[in-house]
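For reference, chains read A, B, C and D in written order, and residue numbers begin at 1 within each chain.
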Amino acid sequence: MTVETMKQIIRPYGDTTGDAMIQVSFTLPVPHGPRAELAALQLAGKMGLDPASVVHSKAMGPDFTFFIVYGKATHLIDYAGIEAPEGREFELLTPAQVNAAVKAGLGRRLVVVGACIGTDAHTVGIDAILNVKGFAGEKGLEYYREIEVHNLGAQVAVPDLVARAKAVDADAVLVSQVVTQKSAHIHNTKQMAAAFAEEYPTSLTGGLGRPLLIVGGPRFDTVTPSDLGVDRIFGKGTTPGEVASYLVHALVRE
Amino acid sequence: MTVETMKQIIRPYGDTTGDAMIQVSFTLPVPHGPRAELAALQLAGKMGLDPASVVHSKAMGPDFTFFIVYGKATHLIDYAGIEAPEGREFELLTPAQVNAAVKAGLGRRLVVVGACIGTDAHTVGIDAILNVKGFAGEKGLEYYREIEVHNLGAQVAVPDLVARAKAVDADAVLVSQVVTQKSAHIHNTKQMAAAFAEEYPTSLTGGLGRPLLIVGGPRFDTVTPSDLGVDRIFGKGTTPGEVASYLVHALVRE
Amino acid sequence: MKLGLDPAVVRRARELAARAAEPVIEMARTHTTVSVERAVLRLAGVTGADADGIPWVNRIVDAVRDQVGLEHGVALPFFASENWRSMKFALPAGTERDLALMRAREAVGAGVARIDRNRADRDRLLARHGDPEKPWIYLIVATGDIHEDIPQAQAAAREGADVIAVIRSTGQSLLDYVPEGATRQGYAGTYATQENFRLMRAALDEVSAELGRYVRLTNYASGLCMPEIAALAGLERLDMMLNDCMYGIIFRDINPRRTFVDQRFSRQIHARAGIVINTGEDNYLTTADAIDAAHTVVASQLLNERFGHEAGLADAQLGLGHAFEINPRIPDSFRLELAHAQLVRELFPAAPLKYMPPTKHMTGNIFAGYLLDAFFNLAGVMTGQSIILIGMMTEGIHTPWLSDRDLALENVRYVRRAAGDLSEDFTPGPFIRERAARVLSETVDLLHRVADDGLLDAIADGVFGVTRRPADGGRGLDGVVEKAAGYVNPATEILEAAP
Amino acid sequence: MKLGLDPAVVRRARELAARAAEPVIEMARTHTTVSVERAVLRLAGVTGADADGIPWVNRIVDAVRDQVGLEHGVALPFFASENWRSMKFALPAGTERDLALMRAREAVGAGVARIDRNRADRDRLLARHGDPEKPWIYLIVATGDIHEDIPQAQAAAREGADVIAVIRSTGQSLLDYVPEGATRQGYAGTYATQENFRLMRAALDEVSAELGRYVRLTNYASGLCMPEIAALAGLERLDMMLNDCMYGIIFRDINPRRTFVDQRFSRQIHARAGIVINTGEDNYLTTADAIDAAHTVVASQLLNERFGHEAGLADAQLGLGHAFEINPRIPDSFRLELAHAQLVRELFPAAPLKYMPPTKHMTGNIFAGYLLDAFFNLAGVMTGQSIILIGMMTEGIHTPWLSDRDLALENVRYVRRAAGDLSEDFTPGPFIRERAARVLSETVDLLHRVADDGLLDAIADGVFGVTRRPADGGRGLDGVVEKAAGYVNPATEILEAAP
């Protein structure tokens, strides 16, 4: 079967190669009925489903209708043209290697400041990276002898974060954003990056004139670091070891 | 809120007017991993989802990956341009009205032949229309004094159906098709229509030279009667009364 | 025994079932069919088809029938013939007859020996790879193409399926022959052929070894070729077979007499092969209402049990079928399901019951479907069912996709893991106990009527699956032949001899 | 009483909880906070905000604090002032004091009378429209815009919700003031304001009449303004309020002393208003493991019960919270959940328990999520929970969509209809009984430690929700003031008087 996966052009798979069948669900702000079904099919058509079938539709109150649609996607995916995203741009190090590298490279402890900024109070993610307890069996950064951690906790205002980072002369600032409603995570992160840019007007980049800015959270998959003005984004399932290794890569080895 | 529904241009609704958010799931025939996620996002992009987020992906064996994606549909639906499909093109009659119309119009009983053709053995649907027991509280056509029903049952071969229709001089032939895998319902129906066309070469249309051809089943929503060469399609939830009324409309009143 | 059923009532139900079955068993003993005779030839090693794809066994049986009549069986004329390809047959007598009989016994004996070897192989593989714990997870594969089925079946096994069923193409059950070779062109299922059986069993043996768990294979000994397919299943080491005493009559309009004769022979083979049969009572509830008709399911199970025992099946081979089909809009639907499922469990404590998921009330709402399937899975573990067919959230839409199956397995895995032993905490209260007692008493009433009126008349009356099937209607009656005095069937001889 | 808990152990647990709570109650009696004082002003009818949007109650309390100190309460200086808008305050003495006291009592009395009227109105509406059967279905609305919330809440009610909760904007709990007016700009929730309360209650009254079923409204008396929001809830006839003795400490890093003082006053108002409080133990299990920390939930419930009783809440107002948060990959997870839920049910038989759905182990797999929510719903009905918060299949992804809510309601409706009385058939076996007994005994051990070490130290040690909160850390400590000898609070006077 692995020949299959080398094919250039692929399509979705329902139960036969090439059938291209997919499932979609959505709500339209229109009353339930045949006209609504046509609207649903129009949308499916615009999405490139042909043929498409409304297999379920249900009134949700007088003004909304929920649909489940199955259909054949007419699009082709150029799989050959998709490069496997380069893995990590850095090597994964053990805590001992990280400690050794910091000691040798910086000659002092590497200082990080962490926080959930804005009104976000979801600290489980940043704590997973910073607290000794760690995540997925790996100890957090507090466990690293050569890393000094200042975890400011939840709902930290950006000015407070900047002030604290300056006060402790942070090498890196680690910020977590979990709430994404109305793109809160994007706004907050940009605001944070702007504040650091303002505070360190002559800086070149992270580690050169200002702390390295790292942001993390489960739903940053629609943006790039440069969109946000930060140096690196970490997503779902990040482990402390990855973050420590990245810190060495970005701040020590460079 | 009903003003809402009069709007010309609508978009899907997640939790705010205009957010245009929808849900999609599909399988791609590629191994699980970051490259597969990019392929999924490429498909989502081609479907017009922007931004799109892979919220779940799972390896199904070494060669397939299942995805759940949420995203914002960039398409607009021209709701004003969608006409409410004309309802029934015929009036709904009671059994007494049907009987009276047949008696007055034809002066004899109206003869129908029903069957599941091909290898399809799903008789529940056609029985719902034909058997006295009926469907959704309405009695089936056998209950109508002026309709003579020949229900041939399941897995009837097309030549047998044609022969029987001729033998009893059928006014209408009612065919059910429930299995749709590999478009079996379409193929079988077209084959049936072609056989009747061949058997009645000089016919003009249903009721004029050949029996009226009616097909029914839950998944005919992607085709029109003329695609299939039949006179009428009945879909999910059809009731016997609708069919009887249509027979009068097509064969008696015309 | 949580329901506190009255043992006297249970005993009475079994007596009535035996009484109702008796005349039909007598009929089955005294008749044969074209398919029984073809099965004998298959056991004797006749394979292949002519240039038009007509299997040789069909050609032979038809020729014997024309030239000799089938009332003596196909074995003697066939084994008396010097060159059967000439398609000239006669009934031998005297020493010729003795010789033919010897040859026939030898050839069929070799086929039965192969079945015995397969059974021993299965036992060996079960010992080596390990037999999964019950409930076994039963999954369907139905692409129509054996070469697409194979990877899907292997994937399903890797994801946790204990039993793989390859659904047949629609319409195969009405074919009066078994197609030949590997096939890639079925509708909503894949043809049952000896070669497809072989390919799939080999693929599952491979994956069983990989997983360290013996994965069973199932197909359908049902329809007009029930006896032959049973023979092929034995020859290719299938492990379970759908096989019902009445399904073909009710759902395929196959003639009742034909069916009853065929099912007896097919069960004799299954008994020998150590194959677990799966009966089809679940289907009744797709046409009848699951509450109103609950007792027809139980009555039919008792009949299937009786016919099965008579044909030599052990209790451990009686995969009696039932289903979770109560309308989910009915209040207390889940508790009613528990009552039905627990009743069947207690009536047949040693049977590997096969419990079927909701189908009739599955709609296009895949979320509602996923939920209903979860409650089905839960009812299965709470009432200790043996074989759980895994419901698909898309049951109301299409035959299962790869992802449907994967999600369905996640569903059942969660339920087993989270609530697998919930039966420990399940002590039916009055509502469930009374419902079970009521279904049982309705069953007794029904069997009473059936025993009095005769089973064939009851079927003609539409008692099962609300479908009327007169004893002389339906397909395949012309393939039924009354045995003559000198009828010979070396297969039955061996199968009916003390083991 | 299915678990056979030892009544002596249960009694011991309550004694220990009382002992642990006592010093904290004493502290709460002898202290006031800026928010308590602002709540007094709100009860006295002070509304509105200055041009910058700063509520007058904040301006006044801050001015009194600067000019007079808060140790005597805000009431006397405020009601002694001829023109409070001048923001000049002094502590009155003699007849001036008597006069101010009289005015204060009158004004606050009017506020309390309005609360009493609302309570009577609720009773009347419950009688007229009908009180839904338990378990009540509790649904969240969280668009951030009160004008989007309203139709969504009405839609949810029409689909079967018995309780509507309007989630607050993230961050509001840390604001040391209550925003004013109707708001349309929250993040992941809508601001709690008096006007928003009024609008939503009116909308739900409308839909209650339409449906013939009184639909309850809930918000959060939590965070730095807990007492004020409690007052507003009473004034606007909210029906339930999230209100916990420790949530703010652990999850919002609010100072422990501040929280304990604030919660007492807010509960006194809730008691008077007939509002059911909902405690927040469910949250512990989002940071701690649901099996390891099961006893911390129970210990906290016993503390919440004790604090609640002391503040005048009846058992029927103690909506103690707990949650279905065991990792679904753990074997027997569902039976462990049943053990926990049944334990809580039996420990607090008269409390309207609030049972929270899975959140922590919800992922992007919406099908798995829908399944887990179904089992949560099932645990709820099997163990007789009172208020069931409806889980969303998209919990791991986004705040609920309209369709998520609709599907969630379909889920719970099915479970209630199909298995609503399954508790009749649920008789915990040894596994569940032993688990429950073990959690109870761990609870006793923990409360022992807490009673010995002091509750504030236990919190500092991270006993609850694995989060350490020192007694002098966190936000809002500077808003806590020890009462002076002549401290006057007309609200507490009325609320603490025999009813």
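Observations on the structure shown:
Convention: a residue touches a chain if its C-beta (ideal position, glycine included) is under 8 Å from a C-beta of that chain, and two chains touch if they have at least 3 such contacts.
In this text the structure is predicted, and so the values were computed from the model without any measurement.
If subunit D is disregarded, contacts among the remaining chains keep them together as one piece.
Of all chains, the one whose mean C-alpha position sits at the greatest distance from that of subunit C is D. Note: centroid distance subunit A to subunit B, computed from Cα atoms, is 44 Å.
If each chain is reduced to the centroid of its CA atoms, subunit A and subunit D end up 33 Å from each other. Averaged C-alpha coordinates give centres for subunit C and subunit D that are 59 Å from one another.
In subunit C, the residues that reach two or more other chains under the touch definition are 151, 365, 398-399, 401-403, 407.
Multi-chain contact residues of subunit B (touching two or more other chains): 1, 13-14, 17, 21, 23, 25-27, 54, 58, 63-64. Chain-to-chain contact here is organised exhaustively, every possible pair of chains being in touch.
Subunit D makes touch with subunit A in their complex at residues 142, 144, 151, 154-155, 158-159, 169-171, 174, 187-188, 251-253, 286-287, 398-399, 401-403, 406-407. Of all the residues in subunit D, the ones that touch subunit C in their complex are 328-335, 338, 365, 367-368, 370-372, 374-375, 378, 393, 407, 410-411, 414, 417-422, 424-432.
Within the complex formed with subunit C, the residues of subunit A that make contact are 1, 13-17, 21, 23, 54-56, 58, 68, 70. In the complex of the two chains, the subunit D residues touching subunit B come out as 143, 145, 148, 151-152, 363-366, 396-403.
Taken together, the subunit A residues at the contact with subunit D in this complex read 25-27, 58, 60-61, 63-64, 66, 118-121, 124, 153-155, 179-182, 184.
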